[in-house]
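Paired with subunit B in one complex and with subunit C in the other, subunit A is shared by the two complexes that follow.
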Partner chain A sequence: MPSWSEAVERTVVFFTLGYDFLGWTIAGAALVGLICGVLGSLLYLRRLALLGDALGHAALPGVAGAFLITGHKALAPLVIGATATALLAALTITWITRVSRTRPDAALGIALSAFFGLGAVLFSILQASPSGAQSGLNHILFGNAAAITPGEVGLLAGIAAVTLAGVTLLYRPLQLASFDPVGAKLAGVPTGVLHYGLMTLSALAIVASVQSAGVVLVAGMIITPAAAARLLTRRLHAMLAAAAGIGAVSGVLGAWLSFLMPGVSSGPAMVLCAALVYGVAFALRLRRPRAAAEAAA
Partner chain B sequence: MSAPALEIRGLSVRYDQAPVLTDVTFTLAPGRITGILGPNGAGKSTLLKAALGLLKPDAGEIRFFGEPRARARGRVVYVPQRSAVDWDFPVTVADVVLMGRYGRLGLLGRPSREDREAAQAAMAQLGILELASRQISELSGGQQQRTFLARALAQGGELILMDEPFVGVDARTEEAIVALLHQLRDAGRTALIVNHDLQTARRYFDDLLLLNRRVFAHGPSAEVFTPEALSACYGGRLAVLSGEDGAAVVLAP
Partner chain C sequence: MSLYTLFIEPWTWGDWMWRGTLVASLVGVVCALLGCFLYLRRLALMSDALAHVALPGLVGAFLLTGSTGPAAMFLGALGSGLLTTGLVEGIRRAGHTRDDAAIGVVFTALFALGVILLTAFASDADLDASCVLFGDVLGVPTHAVWTLGGLTLAVIAAIVALWRPLHLATFDPDTARLLGVPVGALHLGLMGFVSITTVASFQAVGAILVVAALITPAATAHLLTRRLHAMLLVAAGHGALSALLGMYLSVWLNCSTAGAMVCVGALLYFAALLWSRKPRDGGAPP
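Here is the complex of A and B:
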C-alpha cells in the first residue's frame, strides 16, 4: 500500500494525465463502463445478465488461440478469435438447451467452464513456448487498464458509437421486444434480428472490454451497473443513462485504484467500485421502498 | 357476409409428443364475444398461442379476417395473462399504453401527436389517466389489467384475444372490463377470451367454446351452457344440475 502522500501524488498524476498513456487508460475505462452499462441493462431486462459471464469466460480460448497462431499480440486476430469463441459459447448454450433436457442455467455453467478450461489449457501451452513470456495470462484474466493501446480504445469508441446509435434509433422496438416479446412479434418487430444483433454486439463489447476488466470479472461490469441503475430509475431511457454513467464512473475509479496500488488489477477494482454504487442504491431503496407509490396514492 | 374474424381448421398441437390439441375447428363471426371454457390443462392458452403463431402446430390452418396472420397483423390484439408480464420492467403506464401504437410506427418511426392522443384517450376511457406516470409494479391487479386493455384500445385492433383477464382482479375492474368488451362488441369488434369461471360465463359471453383437447361444443351461450355439454367437456370433475330454463347450474368446480 502507498503512503498518504504517495497516494495523493499518484492521484494527481492520474487525473492530470501525468503520463501519456493515462489519457488512453481513462478513456478506455470510461468507454468500457459506458458500453457494458448500456448493453448490460438490455441483457439484465431480458434475464440474460449471466450470459455476459459466459461470454467473458469464453473469450479466453479465442485470445489464447490467436496468440498461438499469430505468435504475437495483434489486435485484429485477438478480437476476431475472442469474439468467435464467445459467440460459439452463446450458440452452444442455446443449442444444448433446445435439443436436450439440460436446463439453461446448467447449460450456461457447462459452456462457461468448458470454454474457460480450454482457454487455460491453451495458455499453459503458450507459456511453455518461447514466445509465451509476453502473453501475460494474469492481465487477460483480471485486466490491466494501464496497458490499453490506442487501437483498443479506438475499437471501444467504435463499439460505443454503434451501441448508442442503435439504442437511440431502435429505442422503441428494443423496449417492446424486451418488455413484451409476444407483443413485439405481433407488432411486426423483428425480434430475432434484434436478439442476435444484441448478442453479437455484447460479445464484441465484452471482448473489447477484456483488456481493462479481464475475462473473469467483465460480467460484473455488465450486471452490476445495470442492477444499480434499475434500483434508481423507473423508465428505460433513465435506466440506460444511469447504467452508462455508473459504469463509466466505476471504470475510471477502478483504473485509478489500480494505478494507485501497483499490483492491483483494474478488473477487480472496477467491479468493486460498481458493487459499492450498487450497495448505495440498494440502501437508498431499502430506506424508502415504493416511495413513489405512496406519494402517488 | 364479411369474412370470419378468426377461422381455425384442423388445428393439432403437441408438446413433447403429447397431444395438447387435436383437430380443433371453429370460426368466430365478427361482432361477438366468445369465451373459451374448459378444465385445467385443456389447452385453452395453447389454442390462443397457436392462433397467434407463437408456437408451431403439427397441423391446421389459421386465418384472420380471411387472410393469413402476417397480413392481418394490425387487426389482431393480444392481451397477455398477467402472470406472463414482467411487472418489474422500468416502464410507466403511459409507456405501456403507447406501445399499442408501435406496430404502426415501423422500426425507426417516432410516435406522432395522434399516437399520443390515442394513448391518452385510451387511458381516459379505462380511468387510469391519473396513473399515467406510475411504474407498472406500483399498480393493483385491476389497474394492471386496465393498463393492458388501454394498450389494446390504443392499438385499435378488430379482434381482441385475452388470456384469463379476470384472474387477480377486483370485482369493480372485472365489471369494467366486461362493460368495455360489450361496448367494443357493439361497435363491431370481436373478442375471444380464455376464462375458467363458469359462474359468470353465460352473462359475460355471447358465445361459448367448450374445449378439452378438442372442441366439445361451440355456439350461443344459452345453447352450449347445458349440463350435458359441460359434463362431457369436464368429465366427472364437475357437479352440475339443470336450472329452470334448462341451463346448467354449477355446484362445484
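Here is the complex of A and C:
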C-alpha cells in the first residue's frame, strides 16, 4: 500500500499523463467502459445480461488457439481467434435454446464452462510448449490496462464508433425489438438480423475489452453499468447515455486505482467502481417511493 | 499404441492417478446431485456466482484469521456464499433489477473484491487466483478424498431424508409453502451445501469445473428423463463418467485435467441433445 503523499503524487502523474503510455491507458479504459455500457444496456433489456460472462470466458480458447497456431502475441490473430470462439459460444447458446428443452440459463452455463474448459486445455498444452511459457495467462484472466497498446486502443475506438453509429442509426428498430420483440417482428423489424448483429458486436467488444478488464470480469463491465443506469432511468436513450457514462468513469477510475496500487489488476478495480455506482443508484431508488418512480417514468 | 498402454497402464503410474480420479468422480457425483435442484429451480447460474464468490470468502477468512486451514476456508466460503444468496435475494425482492442481472452484479463485484484483496493484502497467502480457477486434480491431498466422500454421503442422506419436501419445494414452491414446507430454509440449505461443495471441490478441480459439474450433468439428465429420481441418477452417472473419461483424455494429451473433464462433460451433453431431439421439438425454424 502506498502512503498518502505517494498516492497523491501518483494520482497527479496519472491524470496529467506523466508517462507516455498513460494517455493510451486512460483512453482505452474509458472506451471499454463506454462500449460495454452501451452494449450491456441492449443485452440487459433482452434478458441476456449474463451473456457477457459467457462470451468473456469463451474468448479464452480463441486466444490460446491463435497463440498455439501463430506462436507469438500478434494482435490481429488473437482478436480474430477470440472473436471467433466468442461468436461460436453465442451461436451455441442460441442453438441450444432453440432446439432443446434445456433452459436458457443452463444453456449459457454449459457454453461458458465448456469453452472455458477448452481454453484451459489449450493453455495447458501451450504452457508445456517452449514458446508459450510467458504467455501472460494472468493478464488475460484479470486484465492489465497499463499494458494496452496503441493498436488495441485504435481497435476499441473503431468498435466504439461502429457501436455508436449502429445505435444511432437503428435507434427505433432497436427500441422496438428491446421492449416488444413480438410487436417488432410484426412491424417488419428484422429482429433476427438485429440479434445476430448485437451478438457479433458484443463478441468483438468483449474481446477488445479483455486486455483492460480480463476475461472473468468483463462480464461485470457489461452488466453493472447497465443495471445501474436502469435504476436511474426508464427511457432507452437516457439509459444508454447513463450506462456509457458510468462505464467510462468506472473504467478510468479502475485504471487509476490499478496504477496507484501496484499488483492490483485493472479489471477488478473497474468492476468494483461500477458496483459502487450501482450501490448508490440502488439506495437512491429505494428512497424514492415506487409509485412516484413509476409516475416519473 | 495398444489398448493396454491407453487404458490400463496409466493406473500403474502411481497413487495420484487413483486419488485424482476418485476425487474428480466424487466432485462429479455430489455436484450433479446438487445441480439438479439448482437447475429445476432455474438457479443454474447461481452455481456460477457461488463458484466465483468462494474466492473472496477464502481471502476474507485468511485476512481475518491469518490461517489457510480447512476450518477457516470452509467458514469463509460458506459465509460469502450465504452473503451472495442474501444480496441476490434482496435485490430480487426490491424488484428494480432483473434476476439474472442481480446475480451478475453481485458476483462480479464480490469476485473483483476478492481478487483485489488477494493481490493487495494477502499475496503471502498460499492462494493463487489462477489455481482457484483451474485447480490441480493430480496434486490433491489425501484428506480431500475423505472430505469429499463425507460430503457426498451427507448430500445423499439429506436428499433421501428430505425427499418429499424437496420434491414439492422444487416443482411447486407455492403449494409447498401452503402445506407448511419450509421452502426458504430448504433454499438456504441448498445454497449452503453448494457453497461448501464448491470450496471442497475447487482445490481439486478449480472453480470452472465446479460450474460445469453443477450445470452440465443436470441439463443432460433433464434432456433424457422425466422423473426426479431418474434425473438424479443419470446426472450422477454423467458426473462420474465425465470425470473418468476426462482423466484419460488429460493423460493422453498431457493437458489440464479439469479442462479435459469439462470438455468431455459438454460432449456428453451434446450427444444427449442430438439423441433426444424428437420431431416435435426439433426442426422448428427460429
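By our rule, the second predicted complex is superposed on the first by the 290 of 297 C-alpha atoms of A that agree within 3 Å, B and C clash if a C-alpha of one lies under 4 Å from a C-alpha of the other, contacts with A are read in each partner's own complex, and residues count from 1 in each chain.
Following the convention adopted for this analysis, a residue touches a chain if its C-beta (ideal position, glycine included) is under 8 Å from a C-beta of that chain, and two chains touch if they have at least 3 such contacts.
Bear in mind the structure is a predicted one, so any value in this text is a computation, not a measurement.
Participant: When the two structures are overlaid on chain A, which partner does A:100 contact: first (subunit B), second (subunit C), both, or neither?
Facilitator: A:100 sits against subunit C, while subunit B stays out of touch.
Participant: Which holds for A:49: it touches subunit B only (first), subunit C only (second), both, or neither?
Facilitator: second
Participant: Now for A:169: first (subunit B), second (subunit C), both, or neither, which partner does it touch?
Facilitator: In the superposition, A:169 contacts subunit B only.
Participant: In the superposed model, which partner reaches more residues of subunit A, subunit B or subunit C?
Facilitator: C
Participant: Scan A:230 for contacts with subunit B and subunit C and give back first, second, both or neither.
Facilitator: Both partners, subunit B and subunit C.
Participant: Just checking: does A:207 make contact with subunit B only, subunit C only, both, or neither of them? Give me first, second, both or neither.
Facilitator: After superposing on A, A:207 lies clear of both subunit B and subunit C.
Participant: Name the contact category of A:114: first (subunit B only), second (subunit C only), both, or neither.
Facilitator: second
Participant: In the superposed arrangement, which partner chain does A:68 touch: subunit B (first), subunit C (second), both, or neither?
Facilitator: neither
Participant: Which parts of subunit A are touched by subunit B and by subunit C alike?
Facilitator: Shared contact residues on subunit A (touching subunit B in one complex, subunit C in the other): 230.
Participant: In the complex of these two chains, what residues of subunit A are touching subunit B?
Facilitator: For this pair, the touching residues of subunit A are 45, 169-170, 172-173, 175-176, 178-180, 182-190, 230, 233-236, 238-239, 290, 292-293, 296.
Participant: Please name which positions on subunit C make contact with subunit A in the complex.
Facilitator: Spelled out, the residues of subunit C in touch with subunit A are 39, 42-45, 47-48, 52, 91, 94, 96-98, 100-105, 108-109, 111-113, 115-116, 119-120, 123, 129-130, 133-134, 206, 208-209, 211-212, 214-216, 218-219, 222-223, 250, 253-256, 258-263, 265-266, 269, 273, 276-277, 281-282, 284, 286.
Participant: Report the residues of subunit A in contact with subunit C in the complex, numbered from low to high.
Facilitator: Contacts found on subunit A: 1, 44, 47, 49-50, 52-53, 57, 94, 96, 98-103, 105-110, 112-114, 116-125, 128, 137-138, 141-142, 192, 216-217, 219-220, 222-224, 226-227, 230-231, 261, 263-265, 267-272, 274-275, 278, 282, 285-286.
Participant: Going by the contact rule at the top, pick out the subunit B residues touching subunit A in the complex.
Facilitator: Its residues touching subunit A are 52-54, 73, 76-78, 80, 84-86, 88-92, 95-96, 99, 102-103, 105, 107-111, 131, 133-135, 138.
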